[in-house]
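Order of writing sets the labels: A, B, C and D. Residues in every chain begin at 1.
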Amino acid sequence: AMEFEELGIREECGVFGCVAAGEWPTELEVAQVITLGLVALQHRGQESAGIVTSNGASPPVYYSHKGMGLVSNAFPPEALQKLEYGNLGIGHTRYSTTGISELQNCQPFVVETLHGKIAVAHNGELVNAQKLRKQVMRHGVGLSTSSDSELIMQLLALTPPMEELDTPDWVARIKNLMTETPTSYSLLVMHQDVIYAVRDPYGNRPLCLGRLVPSSRLQGAGGETGSAETEGWVVSSESCGFQSIGARYYREVLPGEIVQISKHGVKTLSVVPRPEGDPPAFCIFEYVYFARPDSIFEGQMVYSVRQRCGRQLAIEAPADADVVSTVPESATPAALGFAQQAGLPYVEVLCKNRYVGRTFIQPNTRLRQLGVAKKFGALTDNFAGKRVVLVDDSIVRGNTISPIIRLLREAGAKEVHIRVASPPIRFPCYMGINIPTKEELIANRPEFENIARYIGATSVVYLSVEGLVAAVQGGVASREEKDAVIGGKASRKGGHCTACLTGKYPVELEW
Amino acid sequence: AMEFEELGIREECGVFGCVAAGEWPTELEVAQVITLGLVALQHRGQESAGIVTSNGASPPVYYSHKGMGLVSNAFPPEALQKLEYGNLGIGHTRYSTTGISELQNCQPFVVETLHGKIAVAHNGELVNAQKLRKQVMRHGVGLSTSSDSELIMQLLALTPPMEELDTPDWVARIKNLMTETPTSYSLLVMHQDVIYAVRDPYGNRPLCLGRLVPSSRLQGAGGETGSAETEGWVVSSESCGFQSIGARYYREVLPGEIVQISKHGVKTLSVVPRPEGDPPAFCIFEYVYFARPDSIFEGQMVYSVRQRCGRQLAIEAPADADVVSTVPESATPAALGFAQQAGLPYVEVLCKNRYVGRTFIQPNTRLRQLGVAKKFGALTDNFAGKRVVLVDDSIVRGNTISPIIRLLREAGAKEVHIRVASPPIRFPCYMGINIPTKEELIANRPEFENIARYIGATSVVYLSVEGLVAAVQGGVASREEKDAVIGGKASRKGGHCTACLTGKYPVELEW
Amino acid sequence: AMEFEELGIREECGVFGCVAAGEWPTELEVAQVITLGLVALQHRGQESAGIVTSNGASPPVYYSHKGMGLVSNAFPPEALQKLEYGNLGIGHTRYSTTGISELQNCQPFVVETLHGKIAVAHNGELVNAQKLRKQVMRHGVGLSTSSDSELIMQLLALTPPMEELDTPDWVARIKNLMTETPTSYSLLVMHQDVIYAVRDPYGNRPLCLGRLVPSSRLQGAGGETGSAETEGWVVSSESCGFQSIGARYYREVLPGEIVQISKHGVKTLSVVPRPEGDPPAFCIFEYVYFARPDSIFEGQMVYSVRQRCGRQLAIEAPADADVVSTVPESATPAALGFAQQAGLPYVEVLCKNRYVGRTFIQPNTRLRQLGVAKKFGALTDNFAGKRVVLVDDSIVRGNTISPIIRLLREAGAKEVHIRVASPPIRFPCYMGINIPTKEELIANRPEFENIARYIGATSVVYLSVEGLVAAVQGGVASREEKDAVIGGKASRKGGHCTACLTGKYPVELEW
Amino acid sequence: AMEFEELGIREECGVFGCVAAGEWPTELEVAQVITLGLVALQHRGQESAGIVTSNGASPPVYYSHKGMGLVSNAFPPEALQKLEYGNLGIGHTRYSTTGISELQNCQPFVVETLHGKIAVAHNGELVNAQKLRKQVMRHGVGLSTSSDSELIMQLLALTPPMEELDTPDWVARIKNLMTETPTSYSLLVMHQDVIYAVRDPYGNRPLCLGRLVPSSRLQGAGGETGSAETEGWVVSSESCGFQSIGARYYREVLPGEIVQISKHGVKTLSVVPRPEGDPPAFCIFEYVYFARPDSIFEGQMVYSVRQRCGRQLAIEAPADADVVSTVPESATPAALGFAQQAGLPYVEVLCKNRYVGRTFIQPNTRLRQLGVAKKFGALTDNFAGKRVVLVDDSIVRGNTISPIIRLLREAGAKEVHIRVASPPIRFPCYMGINIPTKEELIANRPEFENIARYIGATSVVYLSVEGLVAAVQGGVASREEKDAVIGGKASRKGGHCTACLTGKYPVELEW
């Protein structure tokens, strides 16, 4: 994952919402739950964080705070205090470019409309944003940011007919929005005492629901909790934070579904269909890299998928070696899967310096040559004189793995076989992932022909697209099966978006 | 002015713009000029600052930076670098409540419309903002802040007909805006290679133009500079900064005037009239307190007006005393005027500790009793045993002058006559000035009857409204003349808004 | 004073101490009193501040906090809380070069010795520091800073005989220290429940005592307070802060005096004499520039001395002019004195922008030429077409007054006569004042011959040394008297150090 | 290691030095090398960092910078620039209590003595510090901090005879110091162009030497580098950073050894012996927890020792279980060793949230009950329905492992067997390790009897002291061997300090 990190290949956002279910005002501290929920989604966005809570009254009073940096920086004690009277609320954590002026792009956005204030938090990227912007501006609306979230807000505010209605029909507006733009968005819209949780028809970005178990039950033996004992509901990009707030995983929001969350429970209001024949298109890179390994998508744990990727890789590309190891930490499940399938011992060969961070050294020639090695130390005893299979989760540009291979060789590795637990990235993403330009991607460059020599490895093999799909879809393919998949037709469990690997986008792109 | 400061009675904003007049790109560093211009307007807003520059191309590229705090904090070197390629630009400095999330309210606002991006900076407060907000929202626009500036932007973006026009007619839109809202605003709108400088029909907020003299002339003997030698144009809330950037005062923007500023010079595009019979309504408190003393309004220096207020006060309310002094620093011109008129020696009696700032002492009883005295030391030798006239520019609530009087008495003053160089504030302002609630204003409270006893002074007299108007309008009234004014007819030079003193607002207020 | 500020000519430090006089622990919050005391001494040091309090028990518990920047920055609420249990304490405010590592040089210093911990705060500079450092190091002591304060501490710790004594005789040690080094120091030494206040035999740096009046008396009519009602004692570099903490000026610590301050009162323990025939040498620049105008030295208010300097200057160097004015703010008393003596009207001609601060503009040629003018605006109406006498308190290098003169001339001044209310600085100071190198001082350069032309003034005259001495010593000299002084013998009231003006140092300098 | 972290059980410091070996001034950027060296020692101290470099001239010029926080915070670019002219230098990274005033305790300390300036960096704690402080103070020296490093400096400065010597004999002084205090210290003393690297006679703290290989060789195939090609020498608490700076491990500094490092190479000046019969006493907790796993002590890699601890634990305390796992990350080598020895599969059961950090939540009852679980997510698929052996490296107080066990049980673990890869801590350390009070240590409390029930585990077993010693000394003991060790004689390779486990201190403690 080092290359992902260095290249800024990353998810754009995480969203989290909470509604207290008891009599309002409850004792449940909604802002605290959302803060911890955002901390658990921190890997999805580390540049800013925001929370808006509501007292749920009519008209509601909104409390809002946004800040730059990690959740712990963005929410100092006095900020949490501001938010403490909420009965429901939504939060957001986000990547963006640096600069304090970017605070204006932080979500959730709050906007006043003719029918009251709404707050919006959004993960994803609208494929037809340019067209929609024109449309909105043609109506005489000015747009003050380049963010999709402002655009979504103005689209929701604009939806005609405005004047005829006595009461706003927010669901009709959300459905109208979903008709205008097919993907990609997982969306939370808070209005008065309700949160609408929305996932685009292709289900490109994840979103799931959880139930807050009363603390009296948390202490006990666990076990089943009747719905009478629900203290509240949460909605989150990923389920990984649920344990840390005493919530139980409930279910995913389905592609195209609009779920209403209120103190009375969760209710499906509508499921907007895809065009006939179009499969769903959940981003396969959520499995490969973005999601936390303990999250659950489509009924399976991300960790297990990654482990199966490693096993699949061992089937597709075995190596005549003595030990299997990992580039810590994200490649470890794949490395363990590889070792297991290959019947080789798993050992650690690299020790990571947790504190490297950003030192402000303008390196002279000497130090520049040492390169990335300063992040790792070699655990020499575990591999000196041996043939090593080193599993990484990706090689995107190739310049962070080279110094690691050199480090291992200098410390005595006889051979270094690189096995990459995902296929090479070759195409841009227009649905919310920041990917380098085509020219920067190693798979599109001439060096790719001789990549092993280029990076100094004994051999290099990537996982096949079919192998990845097989691993995601629950099984590990034998070589024969894999050939079948290659020849073969669509996914078994439901489609996944593999556009960055294959160039096949889930919808036609319009500009 | 201490009470003004402590009560937060203050101007809301300052605006500044600059257009280079040579061949583009010029050598004139527009962002530097605007930064210095904002520094000179710092007294009009110390909580945030922002600048947007444009390369003036078609379509233009905009550079923008905003930051919290004083201009010097908000514009670190790297921020100035971002802005350095501009040929024209506008800036803004502003008061607001604290909190980082307020950065989103910082001006100038930039908004993308169907016909390109515009940037807007605004000083003032729309008297009919609530009505206009409803109107905009009824059209289906969401408003994300409570600021008038966003409202102005959306009104400009919205003005129909949007679709029919091939090219935008920004002047028509600005005129339309001015029809919708009579006051109060001084406005800069940047579009492409032009800045539109706009002052509301009542001229409630100041705005003036200046010409940048080539630096070769600055070094020389000064003298006249032909227009051929103009290096650029500036527009500013006040003229006080012109000398610091090498500019020469040119003229005021007139009430209702739309001035176009481009590299070709300044041009009046339109003058929107007031309703028949309505006089202009320039805020009289700009003279009393807000403006810097070296600024010029209506052809006269603010310092001179304040000095005349002091002279007028000496005529209206003479005191049998030995010396005249000031509460430093803003009351000094009035004190000198008083001394001059009264034929009494002017001395300093108070020494201000420039460094007091905000110490985080939670004072116990003992220290709380010492109160504001920690900001001043007594210059005992200058007044011990004497009868002192102490001129202040205002007494709003009465609790900052008391410790000063006690300080002087303890140090040996025989009598302390307080003379206030402005009339008592009694009414709220709806045109951009932050004023305490009516109940907090001493003039609306029973203590006002015996104010001298209440604050511990020998005597207390405020300047009359008529006296203030006379001083502003160029002369000092004798007692007889003053009576004439009181009985009397309108201002000579043109009307001024005295609403906070008299309750007479320049337009009918609608909610 | 602008040149003083820009050249960094400044006092090195201020010291402040407080002892509660009631039963311990008292209700008097000693740390708060010291904090306010340091705020009042802020002009003597703005780079760091420190306070050490003691519970006065045996052995004592010390609480200490130091921080960078102004007192308000250095003492956040949590820092004041740390200190709150003290019954006595000392504080210090200081200039130094920038850099966080300089925190280690912040005073007060606390040191553990064989006979307990002492805390030391010091204003001044030891003339024979180098010799003393060698002496200490020869005894086997390492010195970790270059500060005199560490040296003083080690000298106090070292004083033999160490082992023979059962109890430490700190007074003997302080006397021994005073024998070793003649000047310059005003020193506070806290040990157990006592503060020793020490002034060097030449009295080069100021130090004075005050009495804390019970708050019950502060509210009342003032008047006399018997000693039975003393709530505590304070000791301070200057008396200017006494009013702000409810203290009354008591007296100066005399040159060479060691005063013991405890809860039982103040007591002179010893007065160390100067060598026979040596006059005292109080720094004359405390009057000219360093001290706050409301401070009292030698029985007279600093403000009055400065005013007499202005009168003296009008006698020595009258000008044929229309108005007299000041470079705000420190030259104002001298300007008023000059106007009074000369019988000319005093007006303001410059308006200072309080917010200029440090903007990070790398000025291009154009803006650099505008120079210092950005700090001031011209109050044109007050002097256009007139001949102006502009009184400044100093011209050290000559490059800050030039742009001011140009500003006035461009705004219409017919003539600009510069009168400087102090003599030219020509020599370095070795007793605690930071002065530019000899070559940088305008008085030592060839331009000085034609200084008026050099800075663009109509005429330039400095106050004579004799005139300054006369003004300090209580009178204003007529021309005849002045000649007498010139020819003449020592000061009437007692000697002052004029070394930076005359090169005559109070003691022989050894290196 | 979570309990170590939460309880603040930690190493006090790391030291690092570098001498360039070429012609001075060299191209080697010594400050950069030291900075990277300190980054690699960051785990030994994260509260402050300091570097002092020297140009090595006579007399030398020293450059110094210290800062709070991680090396990356403490050394911004402008700080590194200050240091850039050095040919040699030493650095230090440190733990301490919070508070800016602690900057004065940051190392390295620089002190001026009669014979020039020395800089000192120190890791360890002098067992007889109190006695030495008295001794120094009796000589008349004041001590301004409570740190051993200041004490060491003054002892070095003091060593008699001071005056007789023309030239300082620093080695004699260091030897004298070593006679005065037996342990514990690893010390770097820089004087002029030399660094003295000193390890106490018991070798309690680590210290090792490395050689900087020319960058030309780094690029090549590696291989041997003759001494002619040495670019410089480094000395460090641990070897883990050597690869990141292009250095090769050379050897350890021996217990009692004084090594002189200069541009001419490294030279043993003296080896101060221990008292007859005393074995060395290298801190065994360096192996257990403090050191980075890729460091080498006594010829073996720390990682391998930890792995052997796991194997030994599997021999001593096998468990009837299905899978073996780790509390990430520090217990992983032991867990892998356990799994290997026990023949059980190694799986991951916990996923760590890297971003938890410090959120400012004042948790209500509900959230407090969730406890530490917010740091971990359960990888359910890997252990649901299974019997888990969970290997941790320590249980000190027992309250961080409990929520983890509950987390695993709630997620479906059938049994949770805790195996602790180190013996229980029972005694305080006086040699540089911060350990909780005896009462806080679980092993000294009644709950220890039923620790499994107390923390909710199926079973709990700690590694035996003998087993730890065996693992450290190179082998893994069978049960029979272990019994022999228990009955048994001393260590094979050399003694280790096990005082915190056994109460047997290497030297008699005097107070």
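To be clear about the criterion, a contact is a pair of C-beta atoms (placed from the backbone, for glycine too) under 8 Å apart; a residue touches a chain by one contact, two chains touch by 3 or more.
If you want to know which protein each chain is, UniProt gives these names: A, B, C, D = Amidophosphoribosyltransferase.
A quick note: this is a predicted structure, and the numbers were derived from the prediction, not measured.
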For chain A and chain B, chains touching each: none
Interchain contact steps from chain B to chain D (minimum; 1 if touching): 2
Chain whose mean Cα position lies farthest from chain D: B
Counterpart interface for A-B, drawn from C-D, B-C or A-D and sharing over half of its contact pairs: C-D
Centroid distance [mean C-alpha coordinates] between chain C and chain B, Å: 38
Euclidean distance of C-alpha centroids - chain C vs chain D, Å: 49
Centroid distance [mean C-alpha coordinates] between chain C and chain A, Å: 62
For chain C, residues contacting two or more additional chains: none
Contacting chain pairs - touch in the sense defined above: A-B, A-D, B-C, C-D
Complex contacts: residues of chain B adjacent to chain C: 27-29, 32-33, 35-36, 39-40, 42-43, 46, 70-72, 75-77, 80, 215, 218-219, 222, 240-241, 243-246, 292-294, 301, 303-304, 329, 332-333, 336, 346-348, 351, 353-367, 369-370, 373-374, 377-382, 407, 409-411
Of chain B, residues touching chain A in the complex: 64-68, 100-101, 103-104, 109-114, 118, 133-134, 137-144, 150, 153-154, 156-160, 162-163
